[in-house]
Structures are given as structure tokens and as C-alpha cells.
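Below, subunit A partners subunit B and then partners subunit C, in two separate complexes.
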Partner chain A sequence: MEGVAVLFSVVYQLATNASFLLLAGLGLIVILGMMNIINLAHGELMMLGAYTATILYHRGVPFPLTVVAAFVVVALAGAVLERLIVRRFYGERLGALVVTWGISLVLSQGTLMLLGPFMPSIPIPSGSVSIGQYSFSVYWLILTAVTALLIVALGLLYNWTTIGLYARATMQKPDIARALGVNTDRIYLLTFSLGAGLAGLSGALLAPTVSIAPFMGQQFIAPAFITVVVGGATNVIAGALGASALLSFVKTPVGFLLGAFLGNVALLFAALIIIRLMPDGISATFQRWQDRRSRLA
Partner chain B sequence: MSRYFAALTGPNEIGHSSAFWASFLLVLFGFAAYPAFATEFQSSNVAYYLLNIPLALGLCLLWGYGGILSFGQVAYFGISAYVYGIIAGNMMGNSWGPLIGSIGGLLASAIVAAVFGYFIFYARVQNWIVPILTLVLTLLLETFLGQTAGYQWRVGVVQLGGYNGMTGIPSFQLGDLVFFGYSFYYYVLVVVVLTYFACRMLVNSNIGRVLLAIREDPLRTELLGYDIRARQWSIFVLASVLAGISGILYVQWGNYITPTQVGLAQASLPVIWVAVGGRDSLLAVAISTYALNWLTYTLSSAGYQSALVIIGFLLIIVMLFFPRGIIVTIARAAFWRRIAERV
Partner chain C sequence: MTDEITRKESPTTESKHATSSALETDRRTLLKGAAAAGGLIAGFTGPVYLRDFNYTQSVRAQTSEPVKIGFIEDESGNLAVYGIQKLHAAQLAIKEINEGKTLKGAPNIGAGFHASSGEIANTPPVISKEGSNLDIVGDPGERHQSELLYEEVSDILVDSNDRGILGREVRLVSADGQSNNTVWQQLARRMIQQDKVDVLVAGFASAEREAIRPIVDQAKQLYFYTNQYEGGVADANTFCTGPVCEQQVIPTVQYMVEKFGPRCYTIAADYNFGQLTAAWTKAFIPLVGGEIVGEEFIPLSVSEFSQVIQRIQAAKPDWVMTLLVGSNHHNYYPQAAAAGLRLPMASTVNMAQGYEHKRFPAPSLANMHNAIQYQMEVPTARNRAFVKRWMEMFPEDQYIGEMAQNTYFTIHLYAKAARLAGTTDQETVKKALELGWNIEAPEGSVFLEPGTHHCAHPIRLAVCDENHDVSFVRDWPVVQAWWLQRLGVNLIRHPEYKQYTPAEDPYFNMFVKT
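Coming up: the complex of A and B.
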């Protein structure tokens, strides 16, 4: 029994860390993989999601519904941003980085101005279970399950639907896709607002675990960016899964032994070393390995 | 001598006509004469707008001339500032402490940038990864400095102070000559003008030309026999030393620093100064840095909380409508009009 509890505790720690990294990075990854741009306003979109959920929750809306609402609200905000601003920066990575940073500054400082520095937070839903002498938060177990579901849903969306087919075509060869009648403009709009919506959804899901403030986005972006950089842009879902698994193996022991801050420092160092070895990220290395294997077969 | 002058008027920076140099000297003279008409407080404000210029020039070299975008220049600003504070604070009473502190601060920035830059540039990462990793470094530095509040976080007699910041940092001093008030103003002015001239010579030297070549076509430059990794790495280190100069001037100006100075909002400011002025020109960046610092200061001292929102909107608008920067766009328009008149 004791051994099972310890084992479960280790798995629990690894899984929650990995799902935190995945949740924080999910929206970013979708946009990066599709349009090859990094959305620096990602943290602020998560903040908008968390605010939407919090405001609705305190109006008496049940928590799961507020999460859905956060997805819809932030996806719409993302669509507006894409139409007005981001659309002009496709193919211009550094320009897109800078302009989305401007957006992030306006969103966070604007929220501070309009809604003030504090917000009553959401209590963590559901309780805890204990196995042996350890107790585990049920909410984090649910989050891990939701993250897994989201990844599966994204995989299905990209691999089994017509929209997903168009999206993959646009991702690989935009001009050919356009020549074959795919409205790539609309695919970009949909992808950006899907990415934004996922950021909002993650923000709402993580809202009970953090304090709600205009600058709360900052704590997510470092892990999110590291996950994405380590994962690379070749096959984003595989990259993100690999990166979050690998990084949680770094972060969990360091964070457990030396504290959360040094856990994050270890993340940065791990990222530096991994990109020194695999400059295009895990997914590119994985892809090369797969290509070589398929050639041999 | 003429070689140096040729480097000053080379093609990689705007402003070559005698009218330009005349007005440049006039403006310089205006700055030199300013304290005669202004109070010590006003001079100190102007010194603050000026002292941010080396930081912006460093980013301009890196981004505009080198094509490498860094969001983490404030990290080096902060490292130099804190190290200066630690060294000079511990050597309080020694009249050469501040000078040793300044050198130590710049060295610290250079070392951190050298190690960090080694991993980035020698890995040949894609160009969008550099801004992300530099931003992460900044975030971690802010988190680290923010949690150094306790009494155990002290180096010698100097406390890091967490979010309350490091206080009582000594002013700059050379022997018995202490720089504060008017003399600090002149000290900043001299440092900033020298930095500008040095950068201007650099971009018109061979190093600058290779840098531009790397920005335009890295592969071709490499095939011509240049080690682009070493070139990018060294310009990254240089830019961080320039950021360090601003950091040291900042703590010598205000005698304190808090982790907010390396925070995310601060990190965005140099990028905005450079983008708004026009990253292709050192002078445009220097002017916009001065103007935007003045604007931010005026807005926030008038009680507007919206200063950063306005600056953020300004960045978005500039990126949408003047992607080359406002000042560079105007300068180019004027240049082409002159050409058209001559034809």
C-alpha cells in the first residue's frame, strides 16, 4: 500500500506539472504551428479568460459553464484582434512578435485601469482524495484529464474533419491550398481564434489555482514559451507532448526539492541545453527520426 | 583622423549634410547650455530621459542592424545596476568604489550575456526563439529579485531588498569629484554622446558591414567566410554592455532600484522606443527614446494611469502604419523629396 501511494504521488506530480505546461502552452502552440507566429499576448488572453470566468462565477454561474463562456469570449476577442491587427503580419515573424507585445501591454494595463489591481478569486472546486498518507487535489486530477481530452480533441479536429484537412493543407503549402480552393484567410482567422479561445479556456481552468490580477498572465508565459520552444514547430502536438513530458521530468524533482522558483530556473536551463542539442525542437528531431525509419522500411 | 571622420559619416546612418551636422551641434550646444536656464530638478529629469539612450542604442544595433530581436535588454540593465549597487555599497567611503562598481557591473552583464548568448547563437536557433528566451530570462530575474526580501539576502553590507528594492546606492564619483545634480547631468550627456558616436562608427566599420550582411542574408555571409555565430554573439554581448551602461547611470541617478525595473512592462519599453523611432537608424532611436521617456514621465506625473496603455497603442499603430518607424519614415520622405527636386 505504502509503495503504491508513493508511486501514485510521483506520477501525480509529474502529470500535474506536465498538464500545467500543456494547458499554459496550448493556445500558443496552435497559433505557432499554423501561422508560424508567436502570440506574445498569450498570457493576457489567459488573463481575459480567467477574468471572464471569475466575473461570471461571482454572478452565480456554475464553474464549468464559466469555462465554456471564457472559451467563447476570448475566441471572439481573438477573432477581432486577428482581423484588425495580426492579419497584417503573416510571414513577418519579428513584426508579429512586437505587435502582439503591444497588444499584451494594452490588455494588461487596460485591465488594471478599468478593473483595478485585485479580483476576488474562485475557490478550488471539489476536495481531495487520500491514498495512504498522501492526499491529492481532485481538481488537479480533473485538470489532467481535461488536458488529455483537449489534446485528443485537437488531434481529432486536425486529423478527422474537413476543416482540419484544410488547416493542415494551409499549414504545409499555403499557396497550393489556395489554388485548390481553400479559403486560407478564413483558416487563419479560425485558427487564431481557436488558439485564443484555448488560451481563454486554460486561463479559466487555472483561475481557481492562482490569484486573479491584471498581470497574472506573466506567470504562465515563461513555462508556455519554454514548452513551445522546446517542442518546436514541425509537429506541434507531438512536440508539445514531448516537451511537456520531458520538462516535467526536470521541473518536478527540482521544484519539489528546491522550491518553485528554482524549478522554473531549471526549466530555462533545460530549455537552453535542449535547444543547443536540438535547435529546431523535439518535434523536428522526432520527425527526422521517423523519416529515416520510413526510408529504411 | 580622417578615417574616423569617414566612419562617422558612413552610409549606415542617416544625417550627412553639413546642415545636419550644424543642427546636430546646435542641439548639442542647447543640451550643454540647458542647466544655465533650468533648475537642478529639471536638469535631473532631462538626465533621466538621456540615460536610457545607451540601452536603446544597444537594442537598435541588435535588432535594426543585426536582425536579432531581444526582449530581455532590461535584464542586463538590472544585472549591471544591482552589481554596481553591491560593489559600490560595500566600498562606501572609498572614493574609487563607484568606478570599480561601474566596471564590475558592466563585466557582470557581459559575462551573463556571453554565457546565455553562447547557448542561443551557437545553437543556431531560428530567429523567433531569441526574443522568447531573452524574455524568459528577464521574467526569471524579476522573480528572483522579487523574493530576495529577507535579511539573509545580503551581499556584504548591502541588502537586495526584494520588491522594496535596493536603496542608498552611492552616486558616481571619481576621486573627490562626486557627480550629482548639474554635474551628473553633464556626466550623462558626455557618456550618451560618446556612446552614440561609438555606435555610429561601429555600424560604418567592417564589423558593422558584416553585421548588415548577416541581417540581409545569413547563408551568403557565411559562405563568404564569416563566422556568423561569433558575430551575432559578440554584438549580443555589446548590446548587453550598452544596456548595462544605462542601468548603472539609472542607479547613479536615483540611488535605488527595484525588481520592477526588470519586469515585463519595463522590458517592453526599449522595444517600443526602437520601433517607434525606426530601427534602421541610431539617431532616430536616440530621439524617440528621449521623446517617449519625456512623454511617459509627463503623463504619469500628471496623474494619468494610462501612460503605458497609450505607449502600447502607439506601438501597435506604428507597427501597422509605419513599420520602419516614424522618424526614419519622415527622414526618408525628406531625402527622396530632395532627390526629386534636383532631377
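Coming up: the complex of A and C.
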């Protein structure tokens, strides 16, 4: 029984760490990984999602519905941002970086002015299960499952649907896509809204576990960028999945044995080494390895 | 009003006031030393004791211009949950000062007695017949466990016979530190050099205080730090009016070990406050038969605690010492509750400051213990009156925390000291403060110990139950901030500008088992 408890505890810690990284990076997978926009407003989009969920929850809307609503609201907000500002900066990486940073300041300070410095939080849904001396939050087990489902859904959308095909074409060769009759303008709009909506969705999913405040987005920025950049852009979804698993395998044992501080140090150090050795990210290295193997075969 | 009149009037009115309040004290209390102290205070008819004060200079400085109270707190960012309460406290205190009100209290001139405005109960207390404890039945028939012969005064706010400070309006010059140490330094420079504030009241996190203290010292700025903190600041320009480790950690740890068992797991914020408070816990716990089975420092940016919770469960402690700071860290409580971690908890900061028991759904904070000096639930008549005044001014506010109350009485204390000094000249006010002051705050009687610039406070052990209601299970009428005295700090005779750490006192590793 003791052995089972320890094993389950280890798996639980690996899963929560990995799904935290993936949830933080979910919207950024689309906006940075696919569209190649360094979106520094990512944390604030998550914050908008968390605020939408919190406000609706306290008006009596059931929590799962508030998560859906957060997706819709932040996707619409993303569409407005794309139309008004972001689309003027496609292809200008540094320009996009500065403008999204500006958007992040406006969103967080604006929220502070309109809604004040905090909001009452959402209670964490469902209870706990205990095995031996350890007990586990059911909500985090659900979050892990939901994260896995979201990643699979995103992968299917991207690789198996016509919209996904148009999106990939638009991001790789916009001129040719346009020549073949793809409305690239609309594809850009849809992809950016999808990324924003996913950021809002994950913000809402994480809302019960964090304090709801205008600057709450900042805590997600570093994990989000690390996950997506370590994963690389060659196959962004598989990359992010691999990055979160790898980083969680580094962070979890160090964090458990030596504490949260050294766990974070280990995570950042691992990211540093991986990016030094594989500058295009895990997915590019994996792709090269696979290509070589298929050539040999 | 000309300068001439100001000079003549203000010291005399003030000394009359001081004399009469001392005489009242003498009549009302049972303390024999009061007469002597009254005599000393009566010596203020002319500024005899304060004869070193440079009156010509201070009178020249005295105009009808407002007295400027510089005030920096975090109104946004990770620490805003505390900063806004403190801002409201300052606004309330300044409004009262401008309306001609003050808190009871007087300088002690070294006599060092407490509770200067306690009143004798109308009928003598009787010891109850049933029970072997010393039950004291008070006036309306309720039972106390206390042997104090004073009756709690119903309110502590009295007339100051002054409008503002020395007839000058008091104005708040406030700015938002944005939970960012660099911004704090810029703001401190601006307030001192540009706004030329008469007093600076600022600082939540110890890192913020240490960021601005060199700037304060360079300008010899009179500075009040009103927060509960880890202790050890010995700075001739700084007055620390919040409680420190020796006043809170020791009562808390003693109670927890007695009630729940010896094994303690500490999780603390990873900066000077958390590190040093954890060092106090570690140094003291062996003396009451406890031990630290795990200690973990958590960066302020961490908000996800699943792994920390698993580590705590692996160590099997009897109780957890949580020294968590900021809205990121506060997520620990709901996360621990959701993960089924139901261990008793203790703290010196949580609940009393960030009112986690009001912000998070029950039972996240169930079984939390904190030896507080103040929190909104303190069950005294004077505190209820204070809470009522506050809520009339700020009806939207959810809570009044420890450091908000400190800010409130500190600004009143400054006003009293400046009135006695007859000027807002900073060096003179510092000297007036170094007389040693007794002030009646909503928490109870506070004594500003002149040599170390720290305060003796009443301490109460607050416990939070399953429904997040707070009750008080132990009561220490006065706990001294004794550690700096032990180290031989006397800022009046030997001015210093440093912060002592436990590493400089052999006490801290005397009992630790290695």
C-alpha cells in the first residue's frame, strides 16, 4: 500500500507539473508556435479568461459553463485586437513584441482601474482522494485529463481539418495560399482568435487555483514561453507536449527532494541547456532524427 | 495667525493637555509610579526637557502650510491586498487629526508604565465561587480569566484641542509602490527631495523597507515602518511600530507544540522576512520540546502548490508553520484544502494581514493559529468603536488587518509627538518620540520603547474555525520587543543604521540539534 501511494504521488506530481506548463502555454502554442508572433499579452489574455469565469461564477453560472464563456469572450477580444492592432505587425517580430507588451500593460492596468485590485476567488471544485499518507486534489486530476483532451483536439483541428490545412498553408507560404484562393486575412483572424480564446479558456480553468487579480497573468508568462520555445515550431503541438513532459521530469524530482525553489531553478536550467543544444526546439531535433532514420531505411 | 502667536501658544496648550491627562491617569490607575511621571510631565510647562530644541529655526519653518505625511504603499501588484488597507488607515487617521481628534496616550519619559488611560472598574472585580481558576467576574457579570483591574475604556478617540497639527492642516502625499522595489526607491527619493515630506510612513515587505532605508538615512528622514516584520532594524531614523518575531513566534510555537505535538513543518516566503522568521521558529522550538521536520522556502512568484503539499504529507508533521506572503502564495490555502491536507496551521502573518479567512471559501483556513497583535475581530469595545468609524468612512472595505491598524495609530502617534515638540522639524520630533510613548490603539495599550524604536504590544492568540469564525484562546497583556535590547542596542546613546540578523546572536544556534 505504501509503495502504491508513493508511486501514485510521483505520477500525480509529474502530471500536475506537466499540465500546468501545457495549460499556461496553450494559447501561445497557436499564437507564437503557429503564427510566429511573440505575444507578451498572453498572460493578460489568460487573466481576461479568469475574470470572465469569476464574474460569471459569482452571478450563479455553473463553473463548466463559465469556462466555455471565457473561451468565447476572450476569442472575441482577440478578434478585436487582431483587427485593430496586431495585423499591422505580421512579419515584424520585434514590432509585434513591443505592441503586444503595450497591449498587456493596457489590459492589466485597465482591469485594475475598472475592477479594482482583486476579486473573490472561485472555490476549487470537487474534493480530494487519499491513498496512504498522501491525498490528491480531484480538480487537478480533472485538469490533467482536460489538458490532454484539449491538446488532442488542437492537434486534430490543425492536422485533419480543412481549416487546419488552410492555416498551415497561410502560415508557411501566404502568397501561394492566397493564389490558391485561401482568404488569408480571415485565416489570420481566426487563428489569432483561436489562440486568444484558448488562453482565456486555460485562464478560466486555472482560475480556482490562483488569486484573481489584474496582474495574475505575469505568473504564466515564463512557463508559457519556456514550454513553447523549448518545444520548437517544427511541430508545435508535439513539441509543447514533449517539452512539458521533459521539463516536468526535471522539475518534479528536484522539487520533491530539494524544495520548490530549487525545482524552479532546475526547470529554468533544463530549459537553458535544451535551447543551447537544440536551438530550434525539441520538435526540430526530433524531426531531423526521424528524417535521418527514414533516409537510412 | 502670526509666527509669534504660534510659538507662544502651541507649547503651552500642549503642556496643559499633557499635564491634565497625566493627572487624570494618576487619579484613575492604581499605579504608584504615576505621580512621579505626572510630575515629570508637568515639567513641560516651559520646554525645559526639550531645551535643546532649536526653537528659532523651527518657528521659522512654521507656517500655515500643510504638514505633509509622505505615504508609500502597494496599491497594485502582488502586495496590493495589504497596501489598500494601509492607505485607508492613513486617510482615516488624517481625517481625524484634521477634525481635532487624537488617540489617548502620553509620553512616559522613561517611567515606562503601560495602559496610561485604563480606568478603574466601577465595582471591584470578584473572584467567582465555582471553579478553581482565577475567574474574575466583571461589571456586567461576564467572566474573564484576566487579573487586570482596569475597565476597558469604551473609546480611545478624544479631543486634541488642536486642528490638524499645531493648527496646520495635515495632508497625505501618497503614491503607489506597485509591489516593485525599484519603484519604491524612486518614490522615496521623490517624496524626500521634491515633496519634502515632514514624515515618511511606508513599507510593507521587508525587501521594500530595506530598499528605501539607505535613502531615508542619507536624508535623515523621520521614517515609520508600520508593518509586522522579522525584527532587528536598529536605525536612528526609523521607528518600527509593528510587532516582531520575539513577540509572535514564541507564543505561537509554544501553543502549537503544547496543543498539537512536537513535529513542525515550515513553509516560508523566500526573502528576508520568511528566512528570518523561520530561523526564529527553528531556534525557539527545541526549548518547548518541538522539532522542525521540514523547512521550505518558496519564491514569491510561486502559486502552484501541489508538490509542496505532497512534500508536507511525506514528512508527516503534527502542524504546519505557514509564513506565506502575497496573493500568489495565498493560493496555498484553498489548494491544500482541496488536496485534503487538513493539518493544524500556525503563522505570524496569515489571516491577520491578508484576511485569507475572508477571501477564501471555508474551510481553507480552518485550524489556523496566529499570535496577533491586532486583527479586525479583536473583541474589545474600543476596537468595535474603531471598526465602526472605519466602516463609516470606507463602507466597501472587507477587512481591517494588523498593519492597517498600525498605520492608523502610528500617524496619530506622530501627530502627538509633533504637538509636544511644538514643531514638525524632523530632528526635534525624533527627540520627542524618544521620550518613550504610550498610545492607546484599537488593539490596546502600545508602548514605544525609546532606546530601540520598537513597540511593546498586547498579543492574543487567534484561532480560525471550520466556518472561518475567529476566536481568541490566549492573551498576553504586554509582550516586549526585547531582542534588540538583548543585543545592547540603544539608538539614543549610540545611533546605528543597520539590521541585526539572528546570525549575530549566539542564542540562535544554542539549542538547535544538528
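Here, the second predicted complex is superposed on the first by the 292 of 297 C-alpha atoms of A that agree within 3 Å, B and C clash if a C-alpha of one lies under 4 Å from a C-alpha of the other, contacts with A are read in each partner's own complex, and residues count from 1 in each chain.
Rule of thumb we're sticking to: contacts are C-beta pairs under 8 Å (C-beta built on N, C-alpha and C of every residue); 3 or more make two chains touch, one makes a residue touch a chain.
Since the model is a prediction, treat every value here as computed from it, not as a measurement.
Participant: Does the subunit A-based superposition show subunit B and subunit C clashing or fitting?
Facilitator: clash
Participant: A:106 in the overlay: touching subunit B, subunit C, both, or neither? Say first, second, both or neither.
Facilitator: Touch partner of A:106: subunit B, not subunit C.
Participant: Once chain A of both complexes is superposed, is A:261 in touch with subunit B (first), subunit C (second), both, or neither?
Facilitator: Both: A:261 reaches subunit B and subunit C.
Participant: Which holds for A:136: it touches subunit B only (first), subunit C only (second), both, or neither?
Facilitator: A:136 sits against subunit C, while subunit B stays out of touch.
Participant: One more residue to check, A:215. First (subunit B), second (subunit C), both or neither?
Facilitator: In the superposed model, A:215 contacts both subunit B and subunit C.
Participant: With the two complexes superposed on chain A, say which partner A:289 touches: subunit B (first), subunit C (second), both, or neither.
Facilitator: A:289 sits against neither subunit B nor subunit C.
Participant: Choose the clashing stretch of subunit B with respect to subunit C from the list 6-14, 24-32, 150-158 or 276-284.
Facilitator: In the superposition, subunit C collides with subunit B along 150-158.
Participant: Same subunit A residues contacting subunit B and subunit C, which ones?
Facilitator: The overlap between the subunit B and subunit C interfaces on subunit A comprises residues 109, 112, 215, 261, 264.
Participant: Would you mind writing out the residues of subunit C in touch with subunit A in their complex?
Facilitator: Within the complex, subunit C contacts subunit A at residues 75-78, 80-81, 84, 270, 296-299, 301-304, 306-308, 310-311, 313-314, 316, 327-328, 330-331, 334-335, 337-341, 359-361.
Participant: Within the complex, which stretch of subunit A touches subunit C?
Facilitator: 9, 12-13, 16-17, 20, 109, 112, 117-118, 120-121, 123-124, 126-130, 133-140, 208-211, 213-216, 219, 252, 255-256, 259-261, 263-264
Participant: Of all residues in subunit A, which touch subunit B in the complex?
Facilitator: Residues 37-38, 40, 85, 88-89, 93-95, 97-99, 101-106, 108-110, 112-113, 215, 218, 221-222, 225-226, 228-229, 261, 264-265, 268, 271-273, 275-276, 279-280 of subunit A touch subunit B in their complex.
Participant: Considering the complex alone, what residue numbers of subunit B touch subunit A?
Facilitator: Against subunit A, subunit B makes touches at 63, 67, 69, 71, 116, 119-120, 122-129, 131-133, 135-137, 139-140, 143-144, 147, 264-265, 268, 271-272, 275, 305-306, 308-309, 311-313, 315-316, 319-320, 323.
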